[in-house]
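Okay, so chain A shows up in both of these, paired with chain B first and chain C after.
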Partner chain A sequence: MNPMMTAMRELSGMDDLANMDSFLHRRHPLTKLLVTLVYIAAIISVPGNQLSVLIPLLFIPAILYTIAGIPVGLCFYRLRYILPLLAAVGIWNPLLDRRPVFALGGVAVTAGMISFVTLMLKGILTLLMSFLLMATTTIDAICYAFRLLHVPEILVTQFMITYRYIALMLREAGTMTDAYRLRAPGQRGIHISAWGSFLGSLLLRSMDRADALYGSMRLRGFTGTFRYARTREADRQDVFYAAAVIAAILFLRCFPLSQMIGHIVTGR
Partner chain B sequence: MHMADALLAPAVAATMYVASGTAAGVSVKKLKLDDDTKKLPVMGVMAALVFAGQMINYTIPGTGSSGHLCGGMMLSALLGPYAGFLSMIVVLAIQCLFFADGGLMALGANVWNMAFYGCFVGYFLIYRPIMKAKWGSTRTRLIAASVLGCVLTLQLGAFSVCVETAASGITELPFGAFLALMQPIHLAIGLVEGLITSAVLAFVYESRPELLQVVGEGETAAGRLSRRGVVIVLACAALLVGGFLSHFASGNPDGLEWALFGNQESGYSANMGLDEEEFGVASAVADTAGSVQEKTSFLPDYAFASDSENPAGTTVSGIVGSAIVALAAIGVCMAGGFFRRRRVQTQ
Partner chain C sequence: MSDNFVIKAEKVSFAYDQNSPVLREISFHVRAGESVGIIGANGAGKSTLFQLLTGLLPHQGDLQVAGLPVEKAHLAAIRAKEGFVFQDSENQLFMPTVLDDLTFGPLNYGMSPEEAEAAADEALERLQIAHLKHRQNYRLSGGEKRLVCLAAVLAMKPEILLMDEPSITLDPVHRRNLIEILNGMGETKLIASHDLDMIMETCERVMVISEGKICADGPAREILQDQALLASCHLELPYCLQQPHWK
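Take a look at the complex of A and B:
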């Protein structure tokens, strides 16, 4: 399967997840966005070697995924983008910082190893919460939250148009790629002689499509502003949800839970 | 080059959001002044095209590997720098939100690294001067502008990634070594991207030249932001970030110190059993290194040397640092003619 079709499947999969129904799906989009940002800020504020502070913060996504009924496995496929990058940056830490911190079964664990694991875990945790936001919130609701945050109208409208046209463009580019591949078996990508004409011809068609789109939007009364079908005020449950989760995040971030438990268990 | 959230410290992420947000604000203002609702669907469809176009593999002759399109320069050439920048923001936001390619908190940094340089620096410093020049054919200048623009902007983007990661204290890799790894890789990537961009733009130029942005079009006096306005916005952003956010810089000993020597005041014993007298900050070697550092550093530990107990020192350092960066940014803009007074084109 070509990458465009994979991307289309991922997009429609996210749409299906966002249209499910749960306590988390029903929350106001702004509260979900706020909780996600606070959680990510808490994660990235953890210093590089404090793995013990990071681990209790796993509780938050674990509980929220359960409430939302989202299978966590779907999220891990998306790690393919960020984990190699994090590994490329973090792999130098165990190589350059070899000072032992403690011994584990006769093997010295170095400060570099801890900072490497901390970095990878940070990447996984931040992705878990970003994925949860998009898996429980529809595109319309996200755009509505952006508008409440005073993100300029032009940017939000363009976000919606682009999102709607991505599926179409992916299908066209995918069909073209398949057709090219069938005519050039054994060739790994687009040959240099077709670099311009391949994407260029799709670009010209897209420009014509944009003209047609503008015409149809004008006929429907478009004046540069989209109207959102579902807009609502935050209710008590939304406020309670945001307050409870943010309080839990701050508690787990500031209170040395791991060390407390360690003291209790080891007596030291 | 998409940065993940985990690679950034909160202060760096916030700084990059302010910088990218300022550039986005300027772009929105420029487009509003144009008052052309037709641009919206064109921008949306072009952004979707770039998104799909980034997934196409282009075979690099003689290597067996393939290259990809990034799109910032192409969007600027087709839509102009402001609309191109907003379109790239949307592409990066969708990649981040729906495909986990780049982080939500790192979006500001990614917009700066991949969209700002491509759409503004590449357009104003490379594309526009070359396209305005009189040498060669339009096609030749289009190819030269695309290749040079992509190479330069990717180099700047890679440099920013190194600076942001180093400022966040994420990697033990020395800054120079990190640069030496990143810059050559992105030189090759930029060259390939430039060739792909030039091939597409040359195809568009030969098929429908009217689709390419006419250099100088839309740059009217009414649509221009005043130099004073831009400087005030930049100064406010710099003061906000440097002055306010640096209060949150931690004054606690760093994690490595804790790991090596423990922190008796907090009740932790020496973790590694190292003798702080011999290996710690008070050792003879550390004293010698410290005296050298004191003589060479402008703002040691981001605070004034004479008043290291005063927390205001951190704030002052933040403001001074932000002011230096803001001045450098204004210098680059002035060198590129960003503020140059342009003649209103009259027929």
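Take a look at the complex of A and C:
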């Protein structure tokens, strides 16, 4: 299949996931957004060499993914293009910082290795929780939650429209790629000589389509403010969910659980 | 309005650039409840006319819809009374699901979420596509998208319906269904189409646009049988009026 169309299907697959039904899917979007933000803040606050603090925080996404019925592997598959970038950011740490910290089976583990793994893990955990939010909450509901947090309307609208236009550009690019391939049989990808005109056409077509879509929105009363159909007040279960998960995150972040378990196991 | 006209156009013109006007001083009136077919060759200006009537494009001349001049100050009020079904469904559907798209307009016009969903349900029922309610727009077939576009417009309960090629991409059964639905609707309808058979079945009046001008305006049964007129505007008789010519 055309890679653009694959990307398009994956994007629409997020909406499929968000429209599933589970305890987590039914929670108020604001509670899910708050949990995600607190979790990401907790992850970011962990210093670069404290791998042991991060490991207990793995339990949170593990439990939430199970509750939501979303396979973790799906997240890694969808984020397959981002993970190498994440690795590229920290790949120099083991080479630049070679101070040995401890030995593991005769092999010296350096501070650079620990900071690299910590960085990778921080990135992965952040992505896992962000993906979980998107896989359990529709984009409209996320935007609604942002508005409840008083994020400026213009930013929220930009976010929502950008999300919609990404889908639109992918579709346009997919159609153009198909048309190109049908008239260039046996050729891999788009020849470099056609890149300029291809990108130019894509831009013009996307602008045309975006303009028509915006026209359609204006004709249906859009004046810059999105109205959200599926809104409701948070109930007791929502409050309980948010309180319990945020308390667990803070507990795991603030108490050196790994060290405590280590002391108990080793008796030292 | 004493004269009962919902659309009044006097010497309306539009040009993307000065040297090639798309519409040249066209004048016409449409009464409330009328069904008017707008026909013409490709590029004649049918879609442009709809864009002028909705204020999406600026115009020269005097143009009034529902008693209000089509100008910035009145666009919100005019658009609340108009429903425009675009020629290309992809340009109209932008929300993730059918329900989201159908409630978009009603919510913007102040309906509560419950009222908006009820309006959406009613429109879906009317077009017999209630089973599509929770489907993703991206996954719909071309014909389904067409019907959803129409439903999205009907959910706004417009007084004036502007439809640009409504039967395009519909299979024969859904096309027939659409014709019956259009015939059962009391709203004012302007239908631009190359499907002259559908125009014949749904419109009592036809306007022919050619080279930016209205070259004929009158009863559908007269205009659609006038072979010479149609030929001069690069059109043909509706298929049902042509002699069958088997290969």
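A few notes on this one:
The working rule: the second predicted complex is superposed on the first by the 202 of 268 C-alpha atoms of A that agree within 3 Å, B and C clash if a C-alpha of one lies under 4 Å from a C-alpha of the other, contacts with A are read in each partner's own complex, and residues count from 1 in each chain.
Note that a contact is a pair of C-beta atoms (placed from the backbone, for glycine too) under 8 Å apart; a residue touches a chain by one contact, two chains touch by 3 or more.
Just so it is clear, the model here is predicted, and its values are computed rather than measured.
When the two complexes are overlaid on their common chain A, residue A:138 makes contact with chain C while staying clear of chain B.
Contact with both chain B and chain C is seen for A:209 once the two complexes are overlaid on the shared chain.
In the superposed model, A:70 lies in contact with neither chain B nor chain C.
More chain A residues lie in contact with B than with the other chain of the pair chain B and chain C.
Of the two partner chains placed by superposition, only chain C is touched by A:19; chain B is not. By the touch criterion defined above, A:188 reaches chain B but does not reach chain C. Using the contact criterion defined above for the overlaid structures, shared-chain residue A:222 touches chain B and also reaches chain C.
Within chain A, the residues touching chain B in one complex and chain C in the other are 164, 168, 209, 213, 217, 222-223. Residues of chain C touching chain A in their complex: 51, 54, 56, 76, 79-80, 82, 84, 86, 88, 90-92, 94-97, 99-100, 103-105, 107-109, 113, 116-117, 134, 136, 138-139, 152, 156.
Within the complex formed with chain C, the chain A residues making contact are 8, 12, 15-16, 19, 138-140, 164, 167-168, 171, 209, 212-213, 215-223, 227-231. Within the complex formed with chain B, the chain A residues making contact are 2-4, 7, 10-11, 14, 36-37, 40-41, 43-45, 47-50, 75, 78-79, 81-82, 85-86, 89-90, 92-93, 95-97, 99-102, 111-112, 114-115, 119-120, 122-123, 126-127, 130-131, 133-134, 142, 152, 154-155, 157-166, 168-170, 172-173, 177, 187-192, 195-204, 206-207, 209-211, 213-214, 217, 222-224. In the complex of the two chains, the chain B residues touching chain A come out as 2-10, 13, 24-25, 28, 31-32, 37-38, 40-49, 51-53, 55-61, 64, 66, 69, 78, 86-87, 89-91, 93-94, 96-105, 165, 169-173, 195-196, 199-204, 207-208, 211, 250, 254-256, 258-260, 271-272.
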